[in-house]
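What follows is chain A paired twice: with chain B in the first complex and chain C in the second.
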Partner chain A sequence: MSETYDFLFKFLVIGSAGTGKSCLLHQFIENKFKQDSNHTIGVEFGSRVVNVGGKTVKLQIWDTAGQERFRSVTRSYYRGAAGALLVYDITSRETYNALTNWLTDARTLASPNIVIILCGNKKDLEADREVTFLEASRFAQENELIFLETSALTGENVEEGFLKCARIILNKIDSGELDPERMGSGIQYGDASLRQLRQPRGTTTTQNKQQCNC
Partner chain B sequence: MSLQEFEARQVAARCSPTHNAAGQQSRSKAEPLSTTALILQDRPPYDHFLSVNLPAKSAEETQRHRQQYEEMVAAAKRRELVAAERRQQLMTQRFRQEVEISHATLVWNQHILPHWEATRDSRRARDLWWGGLPPSVRGRVWSLVITNELNITTELYEIFLSRAKEKWTNLSSTNDGASLADSLEIITRDISGVLPSLGVFQKGGPYHDLLQSILGAYICYRPDVGYVQGMSSVAAMLILNMDEVDVFISFSNLINRRCQLAFYRGQHQLMLRYFGAFQVFLQESLPRLFLHFQSSGVTPDLYLLDWILSLYLKPLPLEVACRVWDLFFRDGEEFLFRTALGILKLHQDVLLHMDLISTAQFLSRPPVEELLSDRLFSCISATPMMIGNRNWSQNTPIILLTHTREGRTNSGLTPRSETEFLQPWVRLHGENSRFKVYGDSHCDGRVPELALGFLYGLEPDSMEKTADLRFPCLPELALGYLYGLITGED
Partner chain C sequence: MMERAMEQLNVQLSRLTRSLRRARTVELPEDNETAVYTLMPMVMADQHRSVSELLLNSKFDVNYAFGRVKRSLLHIAANCGSVECLVLLLKRGANPNYQDISGCTPLHLAARNGQKKCMGKLLEYNADVNICNNEGLTAIHWLAVNGRTELLHDLVQHVSNVDVEDAMGQTALHVACQNGHKTTVLCLLDSGADINRPNISGATPLYFACSHGQRDTAQILLSRGAKYLADKNGITPLDLCVQGGYGETCEILIQHHSRLFQTLIQMTQNDEMKENMLRQVLEHVSQQRDSHYQRILTSLAEVATTNGHKLLSLSSSYEAQMKSLLRIVRIFCHVFRLGPSSPNNGNDMGYNGNKTPRSQVFKMCARQMAVETVQKDECPWTGSAVFDPMELLWHSLDEWLVLISTELDRNRKNPSSPSSSSSEIASLLLKQREVDPSGSMPSLLDAQTAMETEVYADGEDVISMTASRLSAVIQAFYMCCSCQMPQGMTSPRFIEFVCKHDEVLKCFVTRNPKIIFNHFHFLLECPELMSRFMHIIKGQPFKDRCEWFYEHLLAGQPDSDMVHRPVNENDILLIHRDSIFRSSCEMVSKSTNEKLKQGIAVRFHGEEGMGQGVVREWFDILSNEIINPDYALFTQSADGTTFQPNSNSSVNPDHLNYFLFAGQILGLALYHRQLVNIYFTRSFYKHILGIPVNYQDVSSIDPEYAKNLQWILDNDISDLGLELTFSVETDVFGAMEEMPLKPGGTSILVTQDNKAEYVQLVTELRMTRAIQPQINAFLQGFHTFIPPSLIQLFDEYELELLLSGMPEIDVQDWYRNTEYTSGYDPQEPVVQWFWEVVNSLTQEERVLLLQFVTGSSRVPHGGFAYLMGGSGLQKFTVAAVPYTSNLLPTSSTCINMLKLPEYPSQEVLRDRLLVALHCGSYGYTMA
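Then we have the complex of A and B:
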C-alpha cells in the first residue's frame, strides 16, 4: 500500500468507556456505523489520508480504551500526539463529568500544543440527552477546545471533527506556532515533501522497503 | 466434457450470427476452449464481425499452434496431478494424525494419567505433550495442571451462581447495580463474539446460558477483578473441554495466576515488567525485528495485551490456540511469551516492511495459513527463551524483583548503592562518563534510560537520540538487568 502525503499527524481518540470512540473512528475510516462494537482493549488503530487546504495529510489515529482499568496503559500512548478527539456521550452525564480528567491527561502527557476537539457523541439520541449543547460549548470555550456534537450512527460531523483538527494543526504549522521538527510534536513529514525525517527509519516509509541496519 | 464436444460447441457458437443472450451464454460456457483448442482451428475464411477476408494459417503457424496447444494441455495435466498429489498428501496426513491421536490417547490414559505426579514431567509425557493433547484427555489434564488452590467447591459455585441470577433479575434495586449492569452489558456484548465459527456460544446456542452463568458467578465471586473483555473466550475454551463446575474452578484458578491477574486487573507496573522481560528475549531471538519495531514505535503492549488477555484465542484459530494452551499448562507463563516470539518469527519477513499501524493491525489478526499449527510450532521450537545460560524463569524473577532497592531487600539480595550500580558503566566508559551520568540522573532522573542505552551498547553521546525512541519497559527492565545480569550476580 504505497501512498504519498505531505504530513503525518498522530491523533488520539480519548474519553470514557462506551462513548462511541471506536464507532467514530470506524465511521471516519469506513463511512459505516459499527454494530456490536466491543470494548477496546489497550488501543486500536486506523489511518486515512485526507486533503486539507491543498495538503495531503495522513492521520494516524490511536483509538484508546476508555475503561478505567486500562487507563494506565493508554496513558502511555499519549506521547507525541498532535491532535485529539475528546469524546463524551450526550446521553450520559457521567462521561461529561469525566472530561476534566481526560483533558488534564491529554495536556500533560501529549504534546503541550495538542489540538483537542471536543465531541459530544450520540447526537442522534436527542430524547435521552443529559448534557445540553450550551453547557458543553461553554466548557469548550473555557478550556480552549473546538466543540462539535457528532453522531457516529448517522455520520454527522464525524468527518468535520477530524478534518477541523487537522486544519488547525496545519494552520499552526504555517504560522510557525508548531514546529514539526521539534521532538514529540506528533507531526512527521511524509514522502511527498522531500524533507528529511528526524528518524530516517521512521514510520512513514512503507514503500521504501529499506533495510534495517542491524 | 470431451474435447470433441467442446470443439463442436465452439464451432456452433462461432457460427451463431446473432449476439443474443443464448449465444453469449454458450460462448461463455465454452470459454475454456478459447484458451486451448481454438488455437487448433483453421481461421474462418470470412470474419462476419469485421467483414474482412482472413488469410489462412500457414503450415508453420499451424505447427506452432499445435505445439502451444500441447504445452497448454501438458501444463494443465501437471497442475491437476500436483493438486491430486496434494489432496492425497492431506488425506494421508489427516489419517496419520488420527492414528497418532488415538495412540497418544492410549498412552495418556494408560500410562501417564494413572501415575500423574510421577510421570507428568517425564520425557515421554513432555514429548507427547508437545504435539498437543488429545481432545479426549485435554480437559482432564488442564484441570490437573491448573489445580484448585482457591479451594472452590461445588457449593461455593452454586452460591455465587444463584447470587448472580438474583442480581441479574433485579438489577436496578441493588446498590451495586450500576457496576454489575455494566459488567453484564459487557458480558452480553462480548459473548456474541466468542468463537463465532462454532456458533455454540451465541444467543440461542447450546452453551450460551452456561457461559453467562460461569461469568456471572465469577463477577460475584471476584468483584475485585470483575469482568474484563477476553475472559469470555477463556471461559468458552474451558467449557468446550470440561463440565460446568470444573469450568468455574479452573477458570477462577486460571485467572488467579500471577501473569493473568496482572493483565486482567490492569496492574500496570507488573505488566510493564512482563513487557520488559519480553523485550529482552525479543531482542535476543529476533534482533532485526526488534530494531525495526524500536524505530517504528511498535511496543509489545500493542499486541501482547490482546494476546495474553484472550490467551491467544483472538490471534490464532481455535485448534492452534488449543495447542498453545496445552503447552502453556505444561511450561507455564513462559510459553505465552514464547508463543508471541513464535508468531513474530513466523511473520518476520512481512513485519520488517510494515509501519506502526499496519503492524498493529496485522498482529491483531495474523493471517491463517495452511499448516499454521506446524509452522508456528516449528518457529516456537526454534525460539528457545534463553539469554546466555538463563531462561525465562531465571530471568524474570530478577527483572521482576530487583528493579528497586526494596525489591532487592525483599528478595534477599543486598541493595546496591547508586555508585555500585553505575560501576559497569564507569568501567567501560571511564570516570568522565560517570559524571555525565550523575549529572543527568540528578537533573532529570534519566539513569534508567542511560542504563538501557548502555544495554544496547550505545555511547553516552548518542543518548540524546535514544531518548527519542520509545522504551516502554524502561526503568524496571534496565535496572533489573543491570543489577541482575551485567554485574554477573545471581
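Then we have the complex of A and C:
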C-alpha cells in the first residue's frame, strides 16, 4: 500500500553543469557517492521520506540537467516547487558567477514563496577552491538565501541541506505563511496522521497533535 | 387373583385403545436410545401433551444426548421453537446449559433460529448467555449474524460482556457489521460494544463494514466515532472499499476523513489496484457533488503530471511509469466525460468559460490548419480548470520535443562524422519525399532511412532514450485532448501539436516503428494525421499491421471469451439454400449492425447444423453467389479469375441495394476473419481502399487498350498527328456521343506535355466513373463494418490477402512452369540464385512475389501451367535486364513477367528482390 507521510514537498536541484547536483541527490538518497556520473539528460527524479520536527515529510526531488541545451526543458519543472537547492562548485568561479541567472530563473518561474538553499559543493577539494566561503555567504545574505558548503563525496552537510530546506518550509506552514491547500504550493498532505491512529494511544505526543488535524 | 388379571387386562386394553386412538405408543420404551427417537418427532411438533404423558412415570433421562451431534431433547425443542415442550423438559430437570458436540447450548440454537419464546424460557431457567461454543461463538454472535435485533435487545441485558470474542477474535459487532445489520449494530453499540475492537488480524468493525460495502453500517460506525484503522497487514478500510468497488462506502469514509480523498487519488498509481474497481469508485464519488467532481479531477491531474514527469526521468522504469500514467489519464478522462463539464452531456461548463488556453504557445501550423480552423470555430476548445495541473506536463512535453528538434537541426548542420555530403543527400531526399509523398522509388526510400540513422547519430542518445517515454506522454496528451471533444472529433489543439512537432514525431517512428502501434493510436482516429505517417506505417510488416487493425476494429466489443454465450434464437440468420442470395440479403438487412458485429449465427432452413463451420460455409457459398453472372453484379476481368463491378448491372433494378449488401458481406467477413472465395481486380481493391487507379489497371478489363495507353506514354506523340482531344466517344444506345473528360475537354488537344493527365482521366473514366454508383453502394455497405481509416493500413495486394486468404504455393510446380527470355536460361547463375531465394522465402513473401509479378495472389486451378495473361495462357516468365547499381526488379503483370536485373551475387539479388516486394506499392507504378 502507499507510503505513509504527513506532507509531500516538491524540491528542485538547480545549478550549472558539473557542479555535482546528481551526486548530491544520490548521496542524500542512497548515502553513497556516485562514482561515474554522466551529464543528466533532462530531469531526473528521486524521493526520500525524512523526519523533520516530529513530522514525516516525503521529499519529491527533481534533479535538473545543468547543460544549457536542456534549459528550456528543465525550466518547465520549476512551477510548483516548494524548495530548491541552488548548487555551485567551489572550485569553479564560472559556476558561482552563473548563480544570479539561476536565482532569477527560480524566483520568476517557481512559486514566489520558494525556499532556496545555496550549496557550495565539492567542499572536499579545498586545494582547488576558487570561491571563498566569505564571498559566497555575502552573496547569500544579499539574496536572502540559506548558505551551506557541502561535499557529495564525503556526504558532509548534504543531509543538512535538504533537511534545513524542509524545516523552513514546515515552519512557514506552521506560521501560516504557506498554505499547503493552495494549488502550486509544491506541498501536499499525506494521510499519515490517519494511519498512525491505529497505534496505541499516547506513545508519542506528536501523534496526538496530528489527530486534531483531521 | 382373577381381579388382578382383569385389571391388568383392562390396563392393557385401555393402553391398546389409547394407542390405537392416537396412532402411537402410549408407553415409552425402557431404553433411552429408543425412547428418545420416539419423543423427538413429538418434541419437534411441540406435542407437549403426548410428551408429558409419555414422560409421566417413565425413567427416561431428559438430558440423554443422542445422534451424531449429541444433542438433548431440549436442544431439539429450542431449535424448533417448541416452547411448551421446552418448558416441560426444563421442568423435568433438563439442563439448560447442556452443550452438544460443537459446544452449542439450547440457547445457541434458539438464538440462531430466532426462537424468541424459547430464549425467554431458557433464560428464566438460568441458561448461561456467556457460554461459547467450540468456535467461540455465543448466543449474541448468532443473533448478530442474522440481525435479530429484537432478540438481541432482550439478551444483552443478561450478557456480562458484549465484546466476547470467538476463536477469530470476532465480536458480535464484527459479524453484525459484516452483514450490514444496522439496527443490530446500533443495539450492540448502545449496549457498550467496543466500536474499535480489532479481531486477531486487526480488523475492526469499520473494516468489516467496508470489506462488504455496508454503507449504512459504516455511516453509523463513523458517526459514532469509529476510528479509521488498518489491519495487521496494513490494509485499510478504504483499500477494501476500492477493491470491492464500493463507491458509496468510500464516499462515507471520505465524508468522515477528508484526507482519505488524497489517499484514494494516490491509489491510481498503485499497479495492484484493479483499474475498473477504482474507476467505479471515483466515478461514484465524483457524481456526488460538484466540488467532488472538481477535486477528483484536479487531484488526478496533479498525480498524472507527477507521473508523467517521472516517466520523463530517464532513470525511472519506463514500463511501470508509462502504465501508471496511462492508467491515471484513462481514469481521469472517464470521470471527466461523466461530469457536468463534458461536452457530450450537452451541458455548458460553468467553471472556466470558453478559455482557450495556450493557443498562443502553440502556434498555428498555417498550411494544414485550413480545415481544422473551421472545426475550431464550430466547436471552440473549451478548457476547464481541472486540466490546469496537467498543463505543466504538456508544457514539459512541448519543451522536450522542441529540444529534440533542435538536436536534430544541430546534427544536420554540423555532422560530427565526415559524411557531410551524405547528410546533404539525405536532407535532399527528405525534401523530395515531402514534394512527392506517394510515388518515390523504393531505392530512395531505402537509402533515405539509412541516411537518417547516420545523420542523427549524434543526437542518437537523447532521442533513442526519450522517444518511447515522450510518445507515451503524447498518447496521454491525446487522450486528454480527445475527452474534451465530442466523440469522433479530433481536438484542434492536438492537431496543432502534431503539426508543430511533425518532424520529431516522424523521426521517432522512423527509428522505432513500434511506437506507432504502442502509443500513436490517435492516428487511427484522425485520418488527417494518419496520412502524415502512412508511408512509415505501410513500411511495417503486414502481420503487425493486421494485429493493429483487429485490435482497433474490435476495441469496445466484448472479449472473445463471450463467443460461447448462448445465441438468442431471434438473432440466428435463417437461410434458404435454394435462394441463398435473396434470403441472406433479407436476413442481414433485418438484423442490426451491432448484433452482426457481436457475432454471426447461421442456420440453413430445414437443417440442424449451427456454429463456426456453418458460418464458414455460408460465407463461402454466398461469396460465390455474389459473383454469379445471373445477378449481373460483377463481371470477370480479362484473365478470367478476378472480378469487378459490372457497369451494366443496372439491368437489375435493385442492383445498388445488392451492391450495398455485397459490401456488407465482405465487410462482415473481414470483421470476423472469415475468408471469401472472391478475387477482385486490382483496380477494385484500390477502389475499396480509396487509392486512385492508374492506366495499368485498365489491362484487367481491356489489355489491348492498356497497351495503347502505355504506348502513348512511352513515345513522343508530338508529331504523330493523333488529333486526340480530352474526350472519348461513347456508344449510348447505338448513337455515338462525344464525352468530355474534363470541362471543355472536346476542344483541348492532347499533347506531349499533357498526355499523362489525359491517360489518367481516361483511366478514371473507364475504371471508376463508369461504375461509380456501384462502388459507392458497395463501400457504403463495407464501411458499416470496416472504418475507412483502418482499411487504409493496407495496400491493394494486402487487402486481397486479408479478404481471400493466403494461398498455398507449390514452388516445384512454379519452377517447372516458368519460362525465361531476353538472355536468361535455367542454367544461368542468376536464375538459379533466384530459385534458391524463392525457396528460402516465407510463404507470405512468396505470395508477395506472385502478386508482384502476376497481380494476383491466386494460383489457378491445375497449378502454374494454367496461369493466364491478358490474352490467354501466359506462363510465369523471368526476363533479364542489364544491372546497374541498386536497380530493383520490376514486372509486367499483364504478361506475368518478372524483369530481373543480372545481379552480381545471390545476396544482392535477395536484398533487392525483398526491397521490391516489401515496397511493392511504391516501386510498382514507376517501373
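Keep in mind that, in the parts below, the second predicted complex is superposed on the first by the 190 of 214 C-alpha atoms of A that agree within 3 Å, B and C clash if a C-alpha of one lies under 4 Å from a C-alpha of the other, contacts with A are read in each partner's own complex, and residues count from 1 in each chain.
As a convention for this text, a contact is a pair of C-beta atoms (placed from the backbone, for glycine too) under 8 Å apart; a residue touches a chain by one contact, two chains touch by 3 or more.
Bear in mind that the values here come from a model prediction, so they are computed numbers and not experimental data.
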| item | value |
| --- | --- |
| First (chain B), second (chain C), both or neither touched by A:L125 | neither |
| Chain B versus chain C as contact partner of A:V49, first or second or both or neither | neither |
| First (chain B), second (chain C), both or neither touched by A:D36 | first |
| Which of chain B and chain C A:G190 touches, first, second, both or neither | second |
| Which superposed partner A:Q60 touches (first chain B, second chain C, both, neither) | both |
| Overlapping contact positions on chain A, where the chain C interface meets the chain B interface | 1, 41-45, 60, 69-70, 72-73, 76, 79, 183, 198, 214 |
| Chain B contact footprint on chain A (complex, rising order) | 1, 36, 38-39, 41-47, 60, 69-73, 76, 79, 183, 198-199, 201-206, 209, 212-214 |
| Chain A contact footprint on chain B (complex, rising order) | 186, 189-190, 192-193, 228-230, 265-266, 268, 271, 287-288, 291-292, 295-297, 299, 301-302, 305-306, 309, 352-358, 360-361, 364, 468, 470, 472 |
| Residue ranges of chain C in contact with chain A within the complex | 202, 227-230, 234-236, 239, 257-260, 262-263, 266-267, 269-270, 298, 302, 306, 309-310, 312-316, 388-389, 392, 395-396, 398-400, 402-403, 406-407, 461-462, 465-466 |
| Chain A residues touching chain C - in the complex, by the definition given at the top | 1-2, 41-45, 60, 62, 69-70, 72-73, 75-77, 79-80, 183, 188-191, 193-195, 197-198, 214 |
